[in-house]
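We just call them A, B, C and D in the order they show up, numbering each chain from 1.
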Amino acid sequence: MFTRTPYECHTRLAVDGQWHARPGDDRWARLIEGYRTMALIRQFDKKAVNLQRTGKLGTYASCLGAEALTTAAGQTLQPDDYFVPYYRDQATQYLRGVRLEQILQYWGGDERGNDFPADAPAVRDLPNCVPIGTQLTQAAGVATKAKQRHEHTAVLVTCGDGATSRGDFHETLNVAGVWQLPLIVLVNNNQWAISVPRRLQTASRTIAQKAEAAGIEGFQVDGNDLPAMLDALDYALDRARHGKGAILIEAMSYRLSDHTTADDASRYRKASDLHAAWQREPVARLRQALVEAGHWDGDQEKAWLEHCQRQVDEAIDSYLATPPAPATDMLDYLYANLPPALLAQRAQLEQRTTGGHHA
Amino acid sequence: MFTRTPYECHTRLAVDGQWHARPGDDRWARLIEGYRTMALIRQFDKKAVNLQRTGKLGTYASCLGAEALTTAAGQTLQPDDYFVPYYRDQATQYLRGVRLEQILQYWGGDERGNDFPADAPAVRDLPNCVPIGTQLTQAAGVATKAKQRHEHTAVLVTCGDGATSRGDFHETLNVAGVWQLPLIVLVNNNQWAISVPRRLQTASRTIAQKAEAAGIEGFQVDGNDLPAMLDALDYALDRARHGKGAILIEAMSYRLSDHTTADDASRYRKASDLHAAWQREPVARLRQALVEAGHWDGDQEKAWLEHCQRQVDEAIDSYLATPPAPATDMLDYLYANLPPALLAQRAQLEQRTTGGHHA
Amino acid sequence: MLSTHQQPDTAIPMNMVEAVNQALHDAMAADEDVVVLGEDIATNGGVFRATEGLKEAFGIRRVMDTPLAENLIAGLSVGMATQGLRPVAEIQFMGFIYATLEQLISHAARMRNRTRGRLSCPLVIRAPFGGGIHAPEHHSESTEALFAQIPGLRVVIPSSPARTYGLLRAAIDCPDPVLFLEPKRIYRLQRLPVARHGDPLPLDRCFTLRAGTDVSLISWGAMIHETLAAADELKNDGISAEVIDVATLNPLDRETLIATITKTGRAVIVHEAPGHGGFGGEIAATLASDALLHLRAPVERVTGYDCPMPYFALEQQCMPGTDRIVAAAKRTLEY
Amino acid sequence: MLSTHQQPDTAIPMNMVEAVNQALHDAMAADEDVVVLGEDIATNGGVFRATEGLKEAFGIRRVMDTPLAENLIAGLSVGMATQGLRPVAEIQFMGFIYATLEQLISHAARMRNRTRGRLSCPLVIRAPFGGGIHAPEHHSESTEALFAQIPGLRVVIPSSPARTYGLLRAAIDCPDPVLFLEPKRIYRLQRLPVARHGDPLPLDRCFTLRAGTDVSLISWGAMIHETLAAADELKNDGISAEVIDVATLNPLDRETLIATITKTGRAVIVHEAPGHGGFGGEIAATLASDALLHLRAPVERVTGYDCPMPYFALEQQCMPGTDRIVAAAKRTLEY
């Protein structure tokens, strides 16, 4: 169905939105849904950056350029699969049922952003992971549980190209191979780890080829190409759910933003590189392809963008209107039951932060 | 000159000591020297195990079965190269100028065993490494220094098959690749990590193929075969010394002993497997080959074994006769200069352990 | 002081490592979510035989030999624990536990907190620790203080077969992550009756092993035995020592510690780890702030010297012996 | 108290991160064995710009962007240090330092000891630490106590530009491994004169920042500033506070600490890290044993709560403020 090799990048859409191979009729609905999500997340992301600039959000990691691969992840995961994200997976989290205001809460310095809704597929997903690579071994643990229980589920874990340098990456692929875990490791190879370019991160020709060390399958796919990503993840997750073992997927993308709002990428990368990368960016490319095939038009675009605007604004309003959590939360959720040793601290904290006594 | 692939094991000697390809005339002296070392170390090892059994040594890790690959390492390293060992490299350490009695001291619980002679090539080598895999990143640091100084030297680091599962292994190969370090990673694949067989350690077909993840060269060689090991290490070290980058070598061997004297391998491995492995063992194989070629005979063997006996006994006598180190050594070598904060402790320790006062 | 509601009729004699093994067997039988993982723990039954027979009894899906990677073992455990399993991981020796710290600090101990209770992390990491068995380098550490300061991570150290069984069962049942450190020097010291199905022991209480009035000897782990021996010697000299087994370093049972000092006015804290930055400091600080007026003498700390545990030829010189404990106790009385 | 033999004529105003940068420049210029490595430190000059300009001045053989792996950074540094280089590694945030612990504990801090002086390990690990800059999760930790208890590892924490410069130069010159923790909240607090080529500062002495007679305020790092502010407030109330910057947690300058308590009889120890198991415990324990008779009130510890640093919306509630320090000082006086 599609080429899967570590050395060649599976692509469906040319950079100008021309189809290498047109999808069947039954595929358009999913692509349109995917496009809608990508457009929504792009708006969300832009507004989140602005919120940070106006002091209403903390440091924020933009997902600009990652819309296709993260949306594909959300579209291909089943509700009972497991998702173990890193911090650029806003689209996937959204599709897993994490509310946009929660994503803002998280970056706004509020742990409640990790308390995903009880009725969402995300309810068992792990929270964002900031220490690079540490989510990988955890995902192997989640997959061990899935296998142990004979579930027909898959675990998807993501990380960046930088993360592949950490030992965790190797330890995870290795155990996934030897235990035949239902684990898919999806690398968002956006070419940069903050200021360090991919070529200074590793001498391997591709990241996909690192699968060889663990004796598992690995292949490369165009991460700016939603249909190609859907191919890849459908294939991989399905295999995992059927007990056929772990796969490493390298999704080729480009970090179109600064690393985070605390970063200034112009210090270390050329404007011309960034400009070239914009030519390959996923949202416009997919829109082109849909328009070209007669499945999307200017009116639909306008209406959808207006909808996105409203939806994002509502999320922002809701985020900004949420009263702060009580300071005592920092102790109350640490242990299942507050140990007696912490009672006095809790009382002090409560008194200091509410300024009064409670019954 | 010799086949180097991750998937086929380079061999020179058949298991019965027949030559696949006979060496040139100028090669025999080195092989005979190698044989002598291998025979010596085998005797040494046996006596060390006995010393442990009679309570005169602590837990000891035997190198039975590792004689060829460790001797080859010692023979191919130049004095100004660097060696970063793990704990089964008695032969290499010996050839680097570590005295046999120091090896006993180390296993006898005395740090002075790591204080290698100032005039030995080993003087800058790292000491034995017990925490599995941690020597690897250090070796990359040593290689960085060698490269930084434009030295024409190589760094050889060893580890076991079990160690390849640790993230350190991956991080080391990766940085060696990207920085083109003069680093050779030699894996003593003796098929076991204590009780865990190689197949439960990793799903990769070979360990050599793990080089692919780092974009460096990797190949497999028969670790029971001294001439094959010499080929491999001559090639690899020479390349490294000439700035041509890092190599992973998987030496196929078998741990003929228990893991250490604290272990009982009969709990987890079949007698028949061990028996089969003895058929491939390196010392007899090389003796066969030398005898066969007319370069060794029964008289030489007898004389050499007697020599070994004397040399080992002398080392043991010297080890047993060494007075214990002063207890204050535990503080005196911790910092370059004893911090004032430790003066009182040192005085207490001195008084308690010598029972008296010093001026 | 703690009364353990154990039924003596079911008590059978066990040493400490047998008590670990029995607790694992019983916990796995009682709850199929309990799984065991580590290096050499399945086929080999663990290098100390703590997991012997588990693979045979519960199969390799619940008793897993892992690849050799401690960071992996920790991460696997975190992942499993967030999804409802109760992993009990063995780290072969405490000297090899440091690679687990990132997962423990940044994830295990925080999972419940950072998800505001959505996920939890009920894992147990077991590791043998301490010196005195003539082991090679890195096999004799006591670095419990590293862990005792991690908020959200419980740190538990037993000192007898019965407490080993009761505390390990409690640790496995506990919804919080627990580091369970086993003083290997006394693994096989003596066989004592252990009630298999008694109540689990509390994870935040000291055990008062001996009541006394003149001086409080406070310790944990293997050092409890030198401490009890010191109490015996002191008794011969007419000095009544109270012996407290701290047993849980986090959370710490400050009440019992303050109560004993309120009574005796004198404290000797004993541990194998170096004094500087050791956990004895936390206890001494607690006494100095919360029981200052009751202190009749400076708090004494009898500890290892401020150096890594020496290779075994010198290790006895580094570890506190009964004589040092007795001398310190007498200093508090002569003050 | 310490007199720093600096020549005011060469002093130029710098903030703390500029002082780090200047010290690195000067150390690299003075000794070609000094190399710098870490993530984003070369081309980008470090995420806090602490290494800015080094690559341009000294080239990529001495200023190395590493692959993203902290354990690797530590191991590389150990290897280099054993062979005569003087690596100064940056860990981007203290929250990502835990992967270095195995190398630091098992190797760096022991290399000299286990080789009986044959090899040594003169590395420096620098890391920004502490809260208060509204950073994401894991970017605001203060886990200095983890490190301060590792025998053989020096732990140094500056609190002003001049001490940053002088202590970092001394750390780089030091033949022992040093963890150098930089309180990032005050990286850019103020520009103060720094004498570039003054004598390096001692690595095992407290700094007495203000002399006083009624109570001793003992702290380190960013908290020094709240502590000085508290001393000001107390002064307004007629209370004379002595302010001690501990600066080096290992080895610890017990003499100065005991001397100040001998004088004032009262101590308030202030740190951002949780109290339980925090380094304040070691200091309080020292005072309780070596200065007991001088204590006129219980030793107070003003610290973060016993939880991980909350995400930034609540972090200010967790960090000790001036008000808590003042209140604690008054409690010691009203005792």
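Note that contacts are C-beta pairs under 8 Å (C-beta built on N, C-alpha and C of every residue); 3 or more make two chains touch, one makes a residue touch a chain.
Because the structure is predicted, anything quoted here is derived from the model rather than measured.
Peer 1: Report which of B-D and A-D is connected by more C-beta pairs in contact.
Peer 2: B-D
Peer 1: With chain centres defined as mean CA positions, report which chain is farthest from chain B.
Peer 2: Between chain B and the rest, the longest centre separation is with A.
Peer 1: Which integer distance in Å separates the CA centroid of chain A from that of chain C?
Peer 2: 40
Peer 1: Taking each chain's centre as its mean C-alpha position, how far apart are chain B and chain C in Å?
Peer 2: Those two chain centres are 36 Å apart.
Peer 1: On chain A, where are the residues touching two or more other chains?
Peer 2: 111, 131, 165-168, 171, 174-175, 178, 200-202, 329-330, 334, 341-342
Peer 1: Considering chain D alone, which of its residues make contact with at least two other chains?
Peer 2: Residues 67, 69, 71-72, 95, 99, 102, 106, 113-114, 137-138, 151-152, 251-252, 276, 306-308, 311 of chain D each touch two or more of the other chains.
Peer 1: Which residues of chain B touch chain D once you look at their complex with the stated criterion?
Peer 2: Residues 82, 84, 111-112, 114-116, 123-124, 126-127, 131, 134, 136-146, 148, 167-168, 171-172, 174-175, 178-179, 329-330, 333-336, 339-342 of chain B touch chain D in their complex.
Peer 1: Going by the contact rule set out above, which residues of chain D touch chain C in the complex?
Peer 2: 71, 95, 98-99, 101-102, 105-106, 109-110, 113-114, 137-138, 143, 145-146, 148-152, 250-252, 273-274, 276-290, 292, 295, 297-301, 306-308, 311
Peer 1: Under the stated contact criterion, what part of chain C meets chain A in this complex?
Peer 2: Residue list for chain C touching chain A: 35, 61-62, 64, 66-67, 69, 71-72, 74-85, 87, 102-103, 106-107, 112-120, 151-152, 174-176, 204, 251-255.
Peer 1: Could you pull out which chain A residues touch chain B in their complex?
Peer 2: Residues of chain A touching chain B: 165-171, 174-175, 177-178, 180, 199-205, 209-210, 212-216.
Peer 1: Can you list the residues on chain B that touch chain C in the complex?
Peer 2: Going by the criterion above, the answer is residues 58-59, 106-111, 128, 130-133, 162-163, 165-167, 193-196, 200-202, 262-263, 267-268, 324-325, 327, 329-331, 334, 341-342, 345, 349, 352-353.
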